[in-house]
Amino acid sequence: MTRSADEFLICVIARMLDGAGHVAVGAASPIPGAAALLMRELTHGRLLVSMIHGRANNPFTDGGREVFDCAGQGRIDVFFLGGAQIDGEANINLVGTGDYPAVDTRFPGSFGSAYMYFVVPKVILFRHEHTRRVFVPKVDFISAPGVSPPGVYRPGGPKALVTGLAVFSFDEGRARFRLESVHPGHTVEEVLDNTGFDVDVREDVPTTPDAEPDRLALLRSTIGAEVADVYPDFAARVLGAAAAGAASPGAG
Amino acid sequence: MTRSADEFLICVIARMLDGAGHVAVGAASPIPGAAALLMRELTHGRLLVSMIHGRANNPFTDGGREVFDCAGQGRIDVFFLGGAQIDGEANINLVGTGDYPAVDTRFPGSFGSAYMYFVVPKVILFRHEHTRRVFVPKVDFISAPGVSPPGVYRPGGPKALVTGLAVFSFDEGRARFRLESVHPGHTVEEVLDNTGFDVDVREDVPTTPDAEPDRLALLRSTIGAEVADVYPDFAARVLGAAAAGAASPGAG
Amino acid sequence: MTSHETVEGLAARVPDGALLAIPPEYSFVPMAMVRALIRRAVRDLHLLAVPTGGLAADMLIGAGCVKTMEAAAVSLGEAGPAPRFTEAVTTGAVVMRDSTCPAVHSALQAAEKGVPFMPLRGLIGSDVLKHRDDWTVVDDPLGEGGGPIVLLPAIRPDVAVFHSPRADTGGNVWVGRRRELVTMVHAAKTALVTVETVQETDLLADEATAAGTLPALYVTAIAEAREGAWPLALAGHYDADAEHIRAYARQAKTPEGFRGYLDRHVFAPAVQAAS
Amino acid sequence: MTSHETVEGLAARVPDGALLAIPPEYSFVPMAMVRALIRRAVRDLHLLAVPTGGLAADMLIGAGCVKTMEAAAVSLGEAGPAPRFTEAVTTGAVVMRDSTCPAVHSALQAAEKGVPFMPLRGLIGSDVLKHRDDWTVVDDPLGEGGGPIVLLPAIRPDVAVFHSPRADTGGNVWVGRRRELVTMVHAAKTALVTVETVQETDLLADEATAAGTLPALYVTAIAEAREGAWPLALAGHYDADAEHIRAYARQAKTPEGFRGYLDRHVFAPAVQAAS
């Protein structure tokens, strides 16, 4: 079965949700969102998936603050964050490049990252584009820091990074990423060439396992329709699902 | 038209609500509650009355905290408090007599007084029983203090005290009550004899005006049924209104 | 996922020594659950009334289930003082932690938000504050001359309980405008809920009912209990049994009278069979 | 008591220089009101997005109504970056006060509760914090080794605005589960609400609808505005006009394109007649 790069990444991320109890997915996260819904299907609903801005799959009834309160209560196991820039200490920048506030390029903003990155035990960083433009030696603006000094309350933080080329783990003690696998058709050299910071590399880096055919089939049927509720454009483009037309362009 | 002592007090308190925008009434306050509902009727609804634990006349939809939040926002102009003991500095005791925590007599507790007394601009103290048992030189336990030292945030506080014998005003600067009027059939001497603390006395203390016949009629018709929603026993006993049976024994 | 059990099963989930949060008299009080807790003979509870207590607190105290009681007040409302509470606090059998309504709400909101404390205005100069060694007074930490302010540490109950008109099979529970229950449950580690009835229709499927629904993700277990708030009211469903409550207030004035009440209304085989 | 007016009447109640709170893209955005504000040429707004901004913020910024913008983010969601926001912040025409979602919620809750500040976990080590001179870091004031924590001063908007499916003649407004609107309005000095329709039936009369209702006591004035959230969605009532939003995103990339958009969709006589 042929699969797109997006479908592949959905399956890569889905595997990382094995064993989780509650995954929350924010706006503008269609690939993690699809991965979470896929994993919920595979666990027969044992995985709770909260799409913060969907109408379906959104259990929250206490307003926009509830997802943050819920995370603060320790009830969310996994969350996803991205970054216009990400550096080797897992600092993420969602605000802008250049000398803030006089930015050269402005991005939307930090959303809830400056909080969620601290309190959700397993934050998975996801960024499709794997270039030195994104993976920089030092971000220009720290929306949320990758690690915190002793004494700072931090039950959560980054555990993994998924890109269009590879999968990394993150060691909080050493504040360093480690290359865990390279996606089919790519090489360790290509990954390192396109990464602007130093990383550890595990021995005999394996190839990231490809998408499972049964999961691909599920994605294109059941899951596609669910994704369309929150990310109609994405669902139509990537999964061939009819946009439900039910979603507003979500943010924050 | 003959009237009961309770009906008289309802009319006394109603006059004190003239010009207010929003009066909140707590549990176990049937006389202030009836006064507020009477005044709402007389102002054709310009006075907003919030019965915290009624089902009717309860505008709150954000849970038990809303009335306190609402007061903190400055949206409540008048609130009522009582006291098992009240002293000359307007300290009130809703907790117990004796050496706390080893109390001799225990009362229900402070409810919201330790907060509302500070933030509601016009707190009217109301206690039917006017004896030296209630009006003591110094309360055994300060549920809420009558005055606060400079620097303590206190936009609110006691403005008046209504008892079964008299009406007092309260001067926050001097932390003293002043006798403003004595109810029909009673004397200044009787009031002072039954007050365990020193008060100022205005010159030529007038008699508290009696209940207005038109207001009494309103009380016994329209208002009685409304009071019964929150205080069914009281309404049945005092106003002859059929208990709606709709109220639970409210507290807090 | 939310578990569906019996009332006795729910009561068995409340361990001795738990910090147990209960709703105020006007808000979905789980009386069937309280009777089951007394039958289970739970001990050493730290009872938190949110923010005031009534019949449930009085019965649990009278039955010897309670070690400490935190509340802004405890009473039976129009039926008068709470007799078992009054005696237990006067004799020192139960340690009372006096609070004030907004302090209870705020401390639970702190736990709800995952912050260690919440500030609250008022309180300064009150003996409520003086006797709370867990409350801290600080000078305006913003340094803007706002004066001293009280910081209340978060309260995180081990268990929160309430009785609702209905849940759905997915474990979502109707709370309506009784939103103190939402905060109480958010703040607690587990939530045990009795309901009049469990319906098939998803309460979250319709925006109108979703607005008054506590999502299943916070609900540990649910049990059906018909008239589970009796003799208290369940707003919009049935009225309080005022006659019964007045009779309780009379009987519970003595330990013997209270024991007789329990025998008739808690331990009698017919009561247990109905629960 | 709540006043019933026109949308233009509501817009006239927003003074130049006001701290104006607006809902996020998924929550009852009052677009008809935004168009009226642009026609009224309001100036120097301090715009607070609760907690993120979208089309409403972008249009107000593009029309020169905004002096400072506080938000956790501003974007058009799937339609991409907010073009007028992006340009205004890059050129410095608008001063951006970067925040993070829970900080906006908490600061509004502080105002809702009448406390001067609220603590929030996280933030430490973030440049968001570094650039907020109004946020204070203190060592655990409870003295329990909880580490440093950030205190956020209360935000009290002058005006809060949103668009609801319905209000009743008494001024009570349906918000459903969009409870960020409740806190936003509680925190604000005045609240101006547009609605699809005003109904006779009291929303507070039924416990079921009361649960999702903002009481009139917080609502300054109401105006009817059919399709008042267009081109955004009104949950449960109509979907977003995604095609229109994408077209906006394209046209608003240049000042001229944006001006043309305003001419067609804000200033055109037909639009004004319909509002």
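The chains carry the letters A, B, C and D, assigned in the order they are written, with residues numbered from 1 in each.
Here, a contact is a pair of C-beta atoms (placed from the backbone, for glycine too) under 8 Å apart; a residue touches a chain by one contact, two chains touch by 3 or more.
Keep in mind that this is a model prediction, so the values were computed, not measured.
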| item | value |
| --- | --- |
| Other chains in touch with both chain A and chain D | C |
| Per Cα centroids, the chain farthest from chain C | A |
| Result of counting contacting C-beta pairs for B-C and B-D, higher pair | B-C |
| CA centroid of chain B to CA centroid of chain D, Å | 40 |
| Inter-centroid spacing, chain D versus chain C (mean Cα positions, whole Å) | 36 |
| Approximate Å spacing (C-alpha centroids) for the pair chain A, chain B | 58 |
| Cα-centroid distance, chain B relative to chain C, in whole angstrom | 28 |
| Contacts with 2+ other chains: residues of chain D | 106, 109, 113-115, 120-121, 146, 149, 177, 182, 210-212, 235 |
| Touching two or more other chains - residues of chain A | 60-62, 65, 68-69, 72, 119 |
| Each pair of chains that touches, named by its two labels | A-C, A-D, B-C, B-D, C-D |
| Chain C-touching residues of chain B, taken from the complex the two chains share | 27-28, 53, 55, 60-65, 68-69, 72, 94-96, 100-119, 141-145, 148-149, 151-153, 231-234, 245-252 |
| Chain D to chain A touching residues, read off their complex | 24-27, 49-54, 71-79, 81-82, 85-86, 89-90, 92, 95-96, 98-103, 105-106, 109, 120-129, 131, 146-149, 177-183, 232-233, 235, 239-240, 242, 245 |
| Complex contacts: residues of chain A adjacent to chain C | 22, 45-46, 48, 50, 59-62, 65, 68-75, 119 |
| For the chain D and chain C complex, residues of the former touching the latter | 106, 109, 113-121, 136, 138, 140-144, 146, 149, 151, 153, 175-177, 207-212, 235-236 |
| Chain D to chain B touching residues, read off their complex | 1, 111-115, 172, 182, 186-187, 204, 210-218 |
